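Chain naming follows the written order as A, B, C, D and E, and within any one chain the residues start at number 1.
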């Protein structure tokens, strides 16, 4: 996935183009600014929850419909961790808040990753390369996971209040931007950087793609592809866990179904991105975020279909997504 | 001289089918051994069994004094074996360059690949240089074959298992490849070569083993077989003069 | 076909699926209620009360099948439930087919006691109109500009419509409908702000929202700048955690355990604490009320479960509930009941914003339209 | 021979399988009398509808190798067709039903054509995702057009006299040793559905065993090569897409007739899509008999799992954790487990398994 | 008769086939030789419509078929076997051939006839299997065949298609020496009835020498030699660029 070499700028242009196109339609610059910044930030959050799937679905070619479970799990773990840190989250000091937030994120990632390990072994391993069965078995996994969450945390919604210092908004002139979204942007950028680095500066990306095409050959070349796949899957799950925390905090409450609710959304993002391209996924996520806000402001009815319309439009333009990684 | 690789009474099953019925095979170190035989004789299966891609249900495969019968494929590769499958196993989504990079296990990035060796390969197979950044899937049949072989020799290995490298190659390239194998042999590389093209085989082989119906039915020196027309026709059905 | 010595009550409710949490409360309430109403004997007129649980899984077709099975196979005499309005609406015709009473609790859609109603349908739960009207009463003051924010489907639109019909003096300046799946409320919020910010006087955004998504996020856009307030009805306790951020927020609720002062409620709260170490919630009260209705009726008929007799008895019947006295209105069998105008107070003792009673809105104070034709 | 023709020479090819099929067929044919009771009849009817639905999907998935998530959409169109038609008219009439069915078929035809043409442009996996998107869009649409479709709440409606529960052939229910069966409209509806499903099933069976069916398989295996042989894969793919959509629509109509209700998640939900997929896998892909067996197993499991769990729960009461998992409330958990296990243990589906056994038996026989 | 006029295709900057004009008479077998990557397979792809030409045209019996897609051209009588074996892996060997027979019979769009009623197709399929010496393997899955047999099946499918123009792309590659004659005999028979146009890509010079009535040489996508076997093989371009008296030649391109 040559990102910076033979750089293909068109898709990247999409985001600013969309934003600028919306400006005249919306009129008031301050409103436009609010919507745009919020949309981009939302895009970043979406990117975080989708990032895990770019690895698992995009590169490993595993149609993991169970991805949502790791998101939900992450969020629920966060509720428990943050609850145990009471004072830190309620204190009105950004540092204390973050001090509570980071452990929560780490634990969530760890737990989700651990579950990923089990999931890969029990659910995924028998069905590598078999899309249909992947859909079914991962859906099965999804249901099981969701139900187990109900067994552990109960079926009802659990509040996940934002730490004090992250509530409310900062004003840019007449435009308001939620503080939390700014944090989301930072986290998202970090995730993006980390992924781009590992996939382009190491052989990992290549190996996964090769392994998907011809596992036997990769092993014959002397790589323990199985181990690699496990590793990547765990990483993907951990990222989903992180995404869950971000999402839960954004919603300020978590329910067992939250994973299932975002599933379709993130699949759309990955498809737009071109199955496995990190940059593609980012662009997809940002577009989704912006579209939702613009249509939501201009013609709320259409907002319902904005994502799907977006995906279809993109696929008509580039039938394999904006940055096709493989010609799968 | 000692044998680098030894198969003793190897039986292999594929699903319900019993394919190899006790293969005994010696591959002398530093030599080039030809594995000949009709279609369906079991040559490919033998190579796959050595590589650990099928596991022998009986018998032993010993590499350099170490029993590798039940070892997983990557470990076998790590103990210095390179494999060129019959179907070439090209990663068609990846560029030629990326294919080579993966084959060069030691290299983290292209810069780590021994350039002189790379130049040597380019000398043998100019097309590799020409299409260095192309998607490997787009290569021509012969070029794919070249890439498959190039991958196996991009780094020095103890043992090369090569399944029908000459198929689809133009005579000129076949000559280069023969030359290449000679040089590798000179560098103490042991080679086990499956081949249908007898002319090719004749020029290269030191020792030869002929398979039929999942067994090795003859093994000896190439010279001997090359000399004896009747033996050829008996073992390989090499009848029509057209093919000498 | 009568089961001698037994009275079978089928509780058909969405005990699995998205509404699981609500449904569980209802069932707890129902059982407590039966227990309380029969003084722990579970006997009425010498007959034993037997409760048959059926799971409608929040699926209308399943609900239909389950209710039919309950009546035909399990020979239930009367049915209670379900949780979701869609399910309830699908179940109504079944009651008619089998000529048995379905006591709807807590499904809220107006049409249940409206145009989809048939004479076998009663409802102890409040309907959308009651919700909306009570909220209207709570907010309806001169010089107030109200914008509504609701989900873009039947439930939301019904609610807003009822609300509008009930508002007399205040001005409804804008109705905002967002997809049920909305996660990012920025766009909606902007539209609301643009509509409200330049208006004079008090500005309120009235939220009618059920299920996923957190509409209160609009407050994160710092509405105070334009001194815009937020108002909404009551909800289950976990959902009211959000209310903590809105001290002083006003609205009307169906039930909060701290509000009604009557022996039945005291009994329920005490019982619930001793059983679950937690206060009863929204739907617990509902289930309890349903139980009270059933038992009161059966006592009157003294155990006779003939449907016609029951209908005759229940029409116009009054019965005690945790929310005080309810009365099944003759015309549409909707239970008339009190609602509570509240104001949110933050109390560190509770993880949720505590609704303090401003005033009890008596049935008399609300004229709830009759929407069925009989 | 007659039978051979009916089954288009596509015989079970396994004694066990044959026996099983006969049992199931007879079981369904006499369900109302073998298993009296409303619930049982509902289950049986649901099985029938699913047989038709799954068979139609297998034509697409198992034989053509197209993964589409839009199948429930056509199922829903059928159901809504009948539902809307019947709730529009004052007096439910057969004419209304016919009209509903025809309109539904027309809509499905157009949509499936359009979707079919998509399969030219994008790769399999993208096609799957697009259909997923389209389906969910359609779902939203259905719940948005509430004054037309009844929105989330759906439509309850009544059916022609002959089919309605009110209509009874005899005053007294027929008393059989197994229990009472009332001979009413429900029963008639059941047999109507039974007949329709049988017809649909045999038709599809014939199609997959026609030369056309063979080409579909070829395309599934290697479309590039099929093209090189002179088969226009586009035409075949689209046609198979349209056909399966059509049959799904019919199945939908039957569902609506039976339930006398239809709503978004009754006929359109993604859940049903998954059920279909699972049934295909349990039964065995590319074998229509799998549709029959799978449907029976799955629908039974789905309908009686909770009762089973209730018993299990009571049995294991006392043991720590178990009751928490074995309550009827957690039945979905066990559905999930069923998903996983069936993929584990039926890689080739039940039909595949049974056929393997008989093949191996033959091999042994040869030795 | 088959004819290509200025047939050209570019992939990005790279011209794989460059303005090749050539006519092929029925009853003759033309061998196409050239270094790896010369454009032989691509030339076939262009004729049989697997890829569209950037310029130039393909004419069959005077009719321009350039606008047609692969299926139409196959129906028009342009048949080809593939260099890299390309079968229906999970169907039996017999099924593989039967599909070709059926395509020939044009029965594909029949939805109602029971497949197995078409005895004629079955019989024909078995004849073909007989011809390519796979009769005993009819019920094996194509994927389970050893490489050589897969090559035979590849040829068999083409035979079953009975096209007017046969394009063989290295039919004997990887086929064991004693099997080769089977295929060669098949091709000889095709030559024998004088109506078929046969194109053969082959690297085994002995085979080429023996079978071909005419040889054309492609090099870097261009037609560089055309004539009777003896002279062409003797020509310097073949001697150098192809037989590799001096391999460096290829790099210069």
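Throughout what follows, a contact is a pair of C-beta atoms (placed from the backbone, for glycine too) under 8 Å apart; a residue touches a chain by one contact, two chains touch by 3 or more.
Just so you know, these numbers come straight off a predicted model, no measurement behind them.
Peer 1: Using direct touches as single steps, what is the fewest number of steps from subunit C over to subunit E?
Peer 2: The distance in steps between these two chains is 2.
Peer 1: Enter the minimum step count from subunit B to subunit E; a value of 1 means the two chains touch.
Peer 2: Shortest path length, in steps: 1.
Peer 1: Going by the stated contact rule, which chains contact subunit B and subunit C alike?
Peer 2: Chains that touch both subunit B and subunit C, as defined above, are A.
Peer 1: By CA centroid distance, what chain is farthest from subunit D?
Peer 2: Ranked by distance of C-alpha centres from subunit D, the top chain is B.
Peer 1: Tally the contacting C-beta pairs at the C-D interface and at the A-D interface, and name the larger one.
Peer 2: More contacting C-beta pairs are found at A-D.
Peer 1: Could you state the distance in Å from the CA-based centre of subunit B to that of subunit D?
Peer 2: 52
Peer 1: Counting in whole Å, what is the centre-to-centre distance of subunit A and subunit C, each centre being its mean C-alpha position?
Peer 2: Here subunit A and subunit C have centroids separated by 37 Å.
Peer 1: Need the CA-centroid distance for the pair subunit D / subunit E, whole Å please.
Peer 2: 45
Peer 1: Can you list every residue of subunit C that touches 2 or more other chains, as numbers and ranges?
Peer 2: 20, 152, 179
Peer 1: Where does subunit A touch two or more other chains at once, residue-wise?
Peer 2: Residues 150, 301, 304, 327-328 of subunit A each touch two or more of the other chains.
Peer 1: What are the residues of subunit D that contact at least two other chains?
Peer 2: 140, 144, 332
Peer 1: Provide the full list of chain pairs in touch.
Peer 2: Applying the touch criterion to every chain pair yields A-B, A-C, A-D, B-E, C-D, D-E.
Peer 1: For a test of understanding, state which residues of subunit A touch subunit B in their complex under the given definition.
Peer 2: 202-203, 206-207, 209-210, 213-214, 216-225, 326-328
Peer 1: Using the touch definition up top, name the residues of subunit B that touch subunit E in the complex.
Peer 2: These residues of subunit B touch subunit E: 14, 17, 37-41, 44, 86, 126-127, 129-131, 138-146, 164, 167-173, 175-176, 196-198, 236-240, 242-243.
Peer 1: Mind pulling up the subunit C residues that touch subunit D in the complex?
Peer 2: 15-16, 20, 55, 59-61, 64-65, 68-69, 72-73, 85-86, 89-90, 92-93, 97, 109, 111, 116, 152-155, 179
Peer 1: Which of the residues in subunit D come into contact with subunit E in the complex?
Peer 2: 5, 8-9, 206-207, 209-215, 217-218, 221-222, 224-233, 235-236, 239
Peer 1: Write out the stretch or stretches of subunit B touching subunit A in their complex.
Peer 2: For subunit B paired with subunit A, touching residues are 51, 53, 72-74, 77-78, 82-83, 85, 89, 91-94, 98, 101-103, 105, 108, 137, 151.
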